[in-house]
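The following pair of complexes shares a single chain, chain A, combined with chain B in the former and chain C in the latter.
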Partner chain A sequence: MVGFKAAFQNELFKLVKRKKMNAAAILAILAVVIGQVAVSAVKHGFGLRLVGGTEFPLVVLSAFSYTLLPLFAAFVAIDMFNGEYSSNTMKLTLTRPVSRFGVFSAKVSAIASFIAVNLAFVMVLSLTAGLIFNPTSSGWLGVARVFLSYAVTFVPVFVFILLVVLLANLVRGGLSVFFLSVLLFVAFTFLGILVPASSSFLVTSMFDWHTLWIAEKLSGFKIVRQGLIMGGLGVMLFTAGYMLFDRKDI
Partner chain B sequence: MTKAIEILGLTKLYSNGRGMKDLNLTIHEGEIFGFLGPNGSGKTTAMKMMAGLVKPDSGEVRIFGASVQQDYVQAMKQVGCMIESAESYPYLTANDNLKLFARYYPLVDRRRIDECLEITGMLNYKHEKVRKFSLGMKQRLGLAAAILSRPRVLILDEPLNGLDVEGMLDLRRLIKQLAEMEGTTFFISSHLIHDVELTCNRIGVVYGGRLVNEGYTQNILSDYASLEHYFVSEVERHGRV
Partner chain C sequence: MKLSKKGISIAAFALGACVFVSTALADLAVGTGYDRLKAASKHTAAQLVSELGNYTIEARYTIKSNTSVLHELNSVIKFDAANQATEETNTTLLGNGEVSTGYNYRDKERMIWKSSYDEKYYVTEYNQEWNSHDRVFNPFEQEGAAEVERIIDAVIGNLKDQVQVDEVAGGGVTYSGSLSEVQVPALINAVASFGVKQMLVDQGRIVRDYDIPKLASDVFVKRVTGMAVEDEAGLISHFTGELILSGKDEAGNLNDFTVSAIFSLVDVGTTSVTAPDLTNVTVESIGGSGFSSMHEGTYRNDIVKEENGALVKIGERTLIISSIDGNDISGSYFEKVQPEYLDEYGEEYNFTFEHTLTSSNSMNFFTYTNSKGEEEQAQLQLSSPGGVYLQLNIQIMNDHSYQFNDRPYDNGDFRRVFEE
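Let's turn to the complex of A and B:
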């Protein structure tokens, strides 16, 4: 794909320079610290052990994947599309020798990298905190479970962000896209609870996908089914987002 | 003479009725083509279609034979442009902005970036963030970005906007130098008729979304006292006083 590498490097460079990574890192550290302080307070105050060394990162993941991670990734996605449309800087990339598919793929890949780096950072941070404060209840198997959980959580979050990317190319204002994304996130979450039958097709119901992977009794059928649904949704959202991006007059 | 830009039946009509209708034009290598027209006459729409930012309803633009609509990447390898306004990333320095653009061109290195900043008088501000720049400085940086890859075709929409007198003189000199020494082809739109008269060797007048006339500056000036007289006469002839 001609120009993809240059476009991808540029998107990462802009991401770092805009300090979105720093803000996400600071909030992630705060979330882990607050979580660890709460766990330690319960442990020392009431004498109850809530989580072990490698269970703490899983608790953090459950909270992180439903709150800060999609929120920050949505910010980044909106900034990359609506932000550049409104500041008239999209044309700076589009008038270079790179196809629109190359630019779109580079932007989506940069958002995917942002999600992956965030997940890796929080995993290392929470694992370190968990191992320091609860060293006795740790083991290599526990660490492997943590790694697997964080790795597979990337998929549903990324698919949700593809929905945000689609909205960013459908709706003009960045603020409208943000509120629409939050609204859809909340609506999907509640719909998944109120109508359990619909949860099979709602990506927000799969944010806890990692629990299937680390369950005592592995359910291969469920994992494959959810994986295929997310894969299908991802392909459809990517294609629809690209079609809108390609047809857009700048 | 080699055909640098071929515009064939280029049409784009917006819902408000404005746009560009059936633009046909051939510009040869080394020509400096001035695109004149009143506000809303379709100049920017035409330039955006030439740069691939807007998809035409019909028609095609070819840059040295490569179609912008069919073979965009190949066509844009030859093109540098500054469309509508000279934008750059405000949170980056002038140097970082050019470094981003340089990644698309294997032959552009750090020395070429400095050279472009030097040509446009921006070398002293290389490490300053663009958000602190004046309109004229942003315009200069936009020009540096446009000439960075040594393009054979430069599409410049209102390149003199925000430039001081010195900047205008420098730019005029640069355009002529690039056209004469390197055979660069220019497609320039401007409201400053006097500057177009002094810079461009071929003029096209667009009115109401149509190219109403075009000719060589030398020929036009042999029939009219100035380009302004020619422009007013063409616009009047097509219904606007």
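Let's turn to the complex of A and C:
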């Protein structure tokens, strides 16, 4: 893959310069603060301990991975494809001595980095808040559990974003892609609830994949199965997205 | 041969699709322990309601604080569908060592009960046949059950895989599961903690002379465990569930509370329900509405009017219940109004009545003749001890509704007149 590294650095540079990064960071901080205030209010108001120090990040993760994270990751993905098509900067990217596959991989990798950094940011934030405001004796094991949970949550979110990338190369308008993505996300979530049998096929039903990893009795087969489902789906979406990107006339 | 770019892409897509579809189908086929347990529970509930002729359910609920028992309820319920009879015996043990027992028998015609507080058996005969199937219902077929099931499924999410399934040699399945504090979803944690905390407060009111440790702060669900056994016939024959709650009391000491429930389904097909022998015991017959012979007597209601900023008693109403025999009540009623208010008040009522109480019908009226010689409807009910409600001149709208047309200055509240 000639020039992948350069293309990747290029994409990352563009990503960091966007205003959305600040918005994502501020909203993430806000989410953690609101969560902590709610937990403290319940603690002092009702005398209930909703979460211990290392459980707070897990509660934040459940909410964050279903809302802000996919939303902002979808924004970034749409910006990288539809945004560049409409502002005609995609031409500049493609005239560089990099194959189209290189460019596509670099863009997807940049989105993946965004998701990973976002998760890491929220993890550090919520872990700090959790340990300061809800001190318990969960110790290093608890911290390790939090780390593992945030790390594995990357997979389902990334696979969902690959679907957004596919849509971004299928539909021209960025706004349409965004609404389509939100619609699909909501539809998948409800389908998973209304028809539980369908959840084996829906990536949104695996957003709580981390609960399997931190279970007392690890159900290894289930983890492998869900991993394979998401892996297979990811490969499908990635190649389909690439094929569309490759054939696109700029 | 060098593969074309397109060829590689298509091959990769096909490979991804194969992996995705085959594992997803496998995942669907394997299902979860939770789904199997749910299916077995539904099957059991359906069998209990309609298929099994007779069976016994043994249940035990316990609330423990650290290791001492605060409340324990043991209950044995026998069902006999053929005779439409049920029999329930229960024993309650409280934290202060107090033990109480209760007994309850029901069939198509009557209900018999006894508590450990006195030696009497109380009997209520029904006027209409009572269908015991009304009492044995299938929770999965209640209105709204499907929606509740979906919500529970959604809340449980990936925890479904925490139900372990073990096949037992010789048929049958054991389901087991356990959640630590990290795994309990925050929502369930909040609801369960709050519920148990409130339950302990209520418990403190019931049990006197016993200091129940209170949970004041930092209450959380520490552990949830459950176990169920499915027998060869596919019935859930045994279930054990335990919830351990931890919290600090007012002094800051850590306390663990354990709430547990055990159910067993036994004697399927060999349970027989027999009515208790009432020949050599004290029996008190109570009508379905609660009236018994102790309610015989005179009841009075003052007619009070507000006049020129003062309350004036302008007369009184008297109800005499002369005899109560099972569900049959007879008596008389008269009004006495001071002559100067008679014009304003209208005719005084004065009648005797015969009334048959029914337990199952809230539209239970008796007929009397008013001062003009017209027939009117009235309703008689017990209120607080020593009092009855008498509503006169009721207008019946249809089979399900009626309207009060109160007499002047009438609240219907009659108090017993005790002889000095």
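Criterion: the second predicted complex is superposed on the first by the 248 of 250 C-alpha atoms of A that agree within 3 Å, B and C clash if a C-alpha of one lies under 4 Å from a C-alpha of the other, contacts with A are read in each partner's own complex, and residues count from 1 in each chain.
Note that a contact is a pair of C-beta atoms (placed from the backbone, for glycine too) under 8 Å apart; a residue touches a chain by one contact, two chains touch by 3 or more.
Just so it is clear, the structure is predicted and the values come from calculations on it, not from any experiment.
Colleague: Would you mind checking whether chain B and chain C clash or fit side by side on chain A after the superposition?
Modeller: fit
Colleague: In the combined three-chain arrangement, what's the angle at chain A toward chain B and chain C (CA centres, steps of 10°)?
Modeller: One gets 150 degrees for this angle.
Colleague: Between chain C and chain B, which one touches more residues of chain A when both complexes sit on the common chain A?
Modeller: If we count touched residues of chain A for both partners, the winner is C.
Colleague: Look at A:P97 in the shared chain and tell me whether it touches chain B only, chain C only, both, or neither; answer first, second, both or neither.
Modeller: Touch status of A:P97: first partner only.
Colleague: Scan A:M243 for contacts with chain B and chain C and give back first, second, both or neither.
Modeller: Touch partner of A:M243: chain C, not chain B.
Colleague: Under the stated touch criterion, which partner chain does A:D208 make contact with: chain B (first), chain C (second), both, or neither?
Modeller: Touch status of A:D208: second partner only.
Colleague: Given the touch rule stated above, what does A:T89 touch, chain B (first), chain C (second), both, or neither?
Modeller: The answer is first: A:T89 touches chain B but not chain C.
Colleague: When the two structures are overlaid on chain A, which partner does A:R145 contact: first (chain B), second (chain C), both, or neither?
Modeller: Second partner only.
Colleague: If you've got the overlay open, could you tell me the nearest Cα approach between chain B and chain C in whole angstrom?
Modeller: Taking the overlay as described at the top, chain B lies 11 Å from chain C at its nearest C-alpha.
Colleague: If you look only at chain A, which of its residues touch chain C in the complex?
Modeller: Contacts found on chain A: 42-43, 46-52, 54-55, 58-59, 62, 101, 138, 142, 145, 192-194, 196-197, 200-201, 205-206, 208-209, 211-212, 214-217, 219, 221-222, 225-226, 228-229, 231-240, 242-243, 246.
Colleague: Help me check something: in the complex, which residues belonging to chain B touch chain A?
Modeller: Of all residues in chain B, those touching chain A are 48, 51-55, 72-74, 76-77, 79, 81, 83-85, 87-92, 96, 100-101, 103-105, 145.
Colleague: Which residues of chain C touch chain A in the complex?
Modeller: Interface residues on chain C, with respect to chain A: 5-6, 9-10, 12-13, 15-21, 23-28, 30, 32, 35, 150, 153-154, 157-159, 161-162, 164, 178-183, 185-186, 189-190, 193-194, 197, 215-220, 247.
Colleague: Can you list the chain A residues touching chain B in their complex?
Modeller: Touch list, chain A to chain B: 2-3, 5-7, 9-10, 13-14, 17-18, 87-89, 91-92, 94-100, 247, 249-250.
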